[in-house]
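Going by the order they are written in, the chains are A, B, C and D; count residues from 1 in each one.
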Amino acid sequence: MSPSFLLQLLINGILLGGLYALLGSGLSLCFGVMKFFNILHGSFTLLSCYFIYSIFTSTGLDPIIASVILIPAYFFVGFCLRRYLIGRLATLDAVLIVGFSLTTVLRNIVLLIWGARPRGVYTSYSMLAFDVLGGVRISFIYLLCFIISLVGLFSLHLVLKKTFLGIAIRAVAQDPEMSSAFGVNPSLIKDLTFGISLSFIALTGGLMSTIYSFDPTLEIVFLTKAICVVVLGGLGSVLGTIVGGVVLGLAECFAGIAGAQYQAFVGTVIFLIIVLIKPKGFFGLYVE
Amino acid sequence: MSVLLSIEKVSKSFGGIWALRDVTFDVHEGDIVGLVGPNGAGKTTLLKICMNLLRPSHGFIKYKGLKITGLSPHKTCKLGISMTNQIPRPFKRMNCFENVLVGCLFGAGLKRNEAEREAETILEKVFLSQKKYTIAGELTVFEQKLLDLAIALSTAPKFLMLDEPLAGSTEKEVAQLVSIIKKLRDEGTTILWVEHVLSEVIENCDQMIVLNEGKKILEGKPQEIVNDTRFIEAYVGEENA
Amino acid sequence: MKLMWVRKMLEIRNVDVSIEGLKILHNICLHIEKGEIVSLIGANGAGKTTLIKTIMRIIKHQKGEIIFSSQKLDPYEPYQVVKLGISLVPEGRRIFPYMTVYENLQIGAYVPTKRKEMKKHVDWVFSLFPILKERRNQLAGTLSGGEQQMLAIGRALISRPKLLLLDEISLGLSPKIINTLYKTIKEINAEGVSILLVEQALRRALKFANRAYVMERGKIVWEGDRSVFNEDELRKKYFGLS
Amino acid sequence: MRLKSKSIMFSIVFMFFIIVIPWILQGYPLLFLLQLAINIAFAQSWNLGFSYAGLLSLGHALFAGISGYVTVVICNMGIPIYISILIGAFTSMLFAVVVSPLLMRLRAIYFAIGTLILCNAFQYWFMHWTEAGRALGLRLRMYPEYSLSNCYYLAWIVAFIATVLPWIIVKSKLGLAALSVRDDVDRSEAIGVPTLLVKTIIFAISAFIAGLVGGVRVAYLLIIEPTLAFSFEQSLWATLAVVLGGTGTLIGPILGAAVITSLQYALMNIPELSMLITGVMLILIILFLPRGLISIVKKILQPLRKPNTHARPPQRDQGTIKVLSNHKFPFSDCSESAVKDVCSFEH
């Protein structure tokens, strides 16, 4: 194993990790603030991939720009979904079952419209790559996705830290009853948070579509990867999510040496180890 | 009378804040021991430690001379220790009879027919025979409280811990509960009674222990304690605050 | 009659509260006048915190009415009550542990109309509790108990309320800190904020308040001011020994 | 008493029909009934874990999958298919016992997440495992007993076991303990129920039934492949069927499985549409009929019953948790406090 190969893996892992972090951020936000496990996460990510695919193939619009356009639509859908359906259910169990149902509905919508055939978004710059440091290649699209992910995560960080909305979101995550005593409307904040969570899903899906070739089975892959990121990084912070994403990305890249089957297993192993060591450690509060 | 349960230098901290500090006292067999103290004195924490639902940071509990700290709760229960809950926690989707039957089968380790008979006796004891087949979740709050007590009794406890059984009850209900507690004492159950409604504890207990901010500040006969200035201070605040 | 209206900051008339079928408050009548410190005393489980939460509309009452500055509170949600000028220092402090001290104070000014003057009011709070200024960028969860209590009070003051509800602020604190807190409360009151003070410690509460109510098992069993108070009698009421 | 004898009568007539049908019908309708039996068994298996011990497993396909693979391997070694299926089911059961100590540390929704991840990992593992035929999976040899009617009987035997086993368990001491664990783990631990053991046993039995299902399925399909064996959709399917029919009863899963399977067969040409309808139906059911289809059936049957129902002890009611402010929903507790509280005990 040459050093340049290791370096290559390292860079691949980090670049992939950025994207994973973006994937995890939506779930982390949703779980942290609303305390419910959004099983729809994977389905919506996949749906976003397909939307981008359709937009790209029909209009030729750049997938990255298309995903930015998709964001407000997703925000609106998320807001309404939480406000008119999920928010009206009294128990988390009911929410979960509605989640299952919606997953089924979304999956079959995807199957009906696009079919089971794998799809991919191939742009003019899909195959572009630079050579750096003798033998190490960096794919342009990976780098671009990495940068956009970081920009997205950083803006989330800023919103949470610097705005009144962000402070309200964090307050609701920690103590909804008390935050309502200071003029925060917890229900509205939760609606908004779900909207934001879905906006991030829209962006993630857009970026994923340029990297992966996707088919309907990928929803569960997205979901489990997002869970692993959240478990690894905790719901602590945007920074934690980035760490979680990068660790997962690196772990997958290095496990890939041993064989493809280990690649998928590594996330599970990490999950199980964390469950073993610190069952209370993950899924805490959305804190900063 | 012999010592049934002794609490030896038990301390418990939650993230740096001490809920209990070096609490030591003995409970004698056949007594009703009242455990009182203002909010946040650590009473419920102490009960949970006795039940092994929490592990103390320091110290241990001895029951009949044996150290029981560290056992799992279901083993602790089989030794004859049982507790009720402040907010009643019956099994909400099972009927009253089944609620009690579980404890008779597992906690007391009875055979099926004996357990069924025992469960009926217990329900009668807490005035719930009429509601035998009612789902626990559909009972009134007071009935749930009675059922919670019945569940605690179903494990045939020798040492029973009551966590604020009287809180939020009307006078009639209080009388009913106190009569049950007295009956239990007459049957030889040792009782550790955490309570806010002081008058009832003072009237009915043999020994009283006062906790304040995690420390035991007083121990003795109830009549002596009521007139002790330290007791009054714990509740009323210090003279020159 | 009209004048009487204006003088009354808060009036609670015949309020009943039940939670999940369990009646907790029975026919509560209570009023607070402008600029007063009123204390609400009672043992554990007497229903003091429930009453405070009812005023804040976190718990909804079934009967009776609550009137604040001649406005009925019945149709409001908790987050709207703040806008009217009531602020709460909850039992057990309940600061947001994973936010910094400054962010905790910011939450206090969340109501849009109060945001503009936030800076001014933060400075006021810092002048009341200088220690908070030193720790402004520290996570609130890492503060000591006394500092957390100060933060909880400060957070409630940022919105410059007309009425401040203090729920058991002396719980778990050393006498020295309690004394400082009470001195500050006097100062706050001197600035024109009416205060409802919930306490278990009877003597201390009576010492600071203009008037007091004693609660026992969800009922108000005694009311009056310092001058008519007889400690022995009150103690009996308090312990429910009578 | 009258009702009990009636239901026994009904069961006997039903079983008679099931036995006789292969002599009357052939081909397509028989295939439908076979599929129905498999689905019923799978739904029952999930229902056992969920309704009687509060174990919301989202990776139930895992047990069917493992058993399927084991069955193929064992049977291909020349061992009779029936024994292979049993061995496969026992392997699943053993696997459930092995992973239990780890999974049981997780509560409510976390348990669901844990099982989901585990199942997904296995899918990937088998996808890339050369010895297991990678994505193409394994083929079962043409065993001598292979025929549609044999598979049909096998499937119904499994469905029968899957229905009767939970029924026996619920009547037993174990079932009572499991119910108490479902309602309140800590409290049942505090009154002497060995909760971990109870949960493990129930989970293992549930895995055993799922294993039988996996074995029978492979016995009639003659092939197993990872995308099908470990699919998330299948685990989800069980959840949908049980909730649709009504949790906490033995008839509920049967009803749910019957409805979904019929729908699937009716819309055979567009299978996606049937699942889409199922999903929408379930959302509507949760909103307007939180106790599942069984409540409609009960309502229809109500006037048929004699008024002496009054004398009987009322049926155990499974629904107490609110969905909408005025609805009740039969689900295990996973309120906010339960979510914060991930692990069972402090030590």
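To be clear about the criterion, a contact is a pair of C-beta atoms (placed from the backbone, for glycine too) under 8 Å apart; a residue touches a chain by one contact, two chains touch by 3 or more.
On a predicted model such as this, the values are computed, not experimentally measured, just so you know.
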{"item": "Count of contact steps on the shortest path from chain C to chain D", "value": "2"}
{"item": "Pair sharing more residue contacts (C-beta pairs) when A-C is set against A-D", "value": "A-D"}
{"item": "Centroid distance [mean C-alpha coordinates] between chain C and chain A, Å", "value": "43"}
{"item": "CA centroid of chain B to CA centroid of chain C, Å", "value": "33"}
{"item": "Whole-Å gap separating chain A and chain B, where each centre is the average of the chain's CA atoms", "value": "48"}
{"item": "Residues of chain B touching at least two other chains", "value": "none"}
{"item": "Overall pattern in which the protein chains touch one another (line/ring/star/complete/other)", "value": "ring"}
{"item": "Interchain contacts, given as pairs of chains that touch", "value": "A-C, A-D, B-C, B-D"}
{"item": "Partner chain D, residues of chain A touching it in the complex", "value": "35-37, 85, 88-94, 96-98, 100-105, 107-109, 111-112, 217, 219-221, 223-224, 227-228, 259-261, 263-265, 267-268, 271-272, 275-276, 279-280, 282-283"}
{"item": "Of all residues in chain D, those that touch chain B in their complex", "value": "173, 176-177, 179-180, 182-184, 186-195, 248, 313-314, 316-320, 330, 345-347"}
{"item": "Residues of chain C touching chain A in the complex", "value": "56, 58, 77-83, 87-88, 90, 94, 96-99, 103, 106-108, 110-111, 114-115, 155, 159"}
{"item": "Parts of chain B lying in touch with chain D, wherever the complex brings them together", "value": "51, 53-55, 70, 72-74, 77-78, 82-83, 85, 89-95, 98-99, 101-103, 105-109, 112, 132-133, 135, 137-138, 151-152, 154-155"}
{"item": "Chain A partner contacts - residues on chain D that touch it in the complex", "value": "56, 102, 105-106, 108-110, 112-114, 116-118, 120-121, 124-125, 127-129, 227, 231-233, 236, 239-240, 243, 270, 272-273, 275-276, 278-280, 282-283, 286, 290, 321-325, 327, 329, 331-336, 339-340, 342-343"}
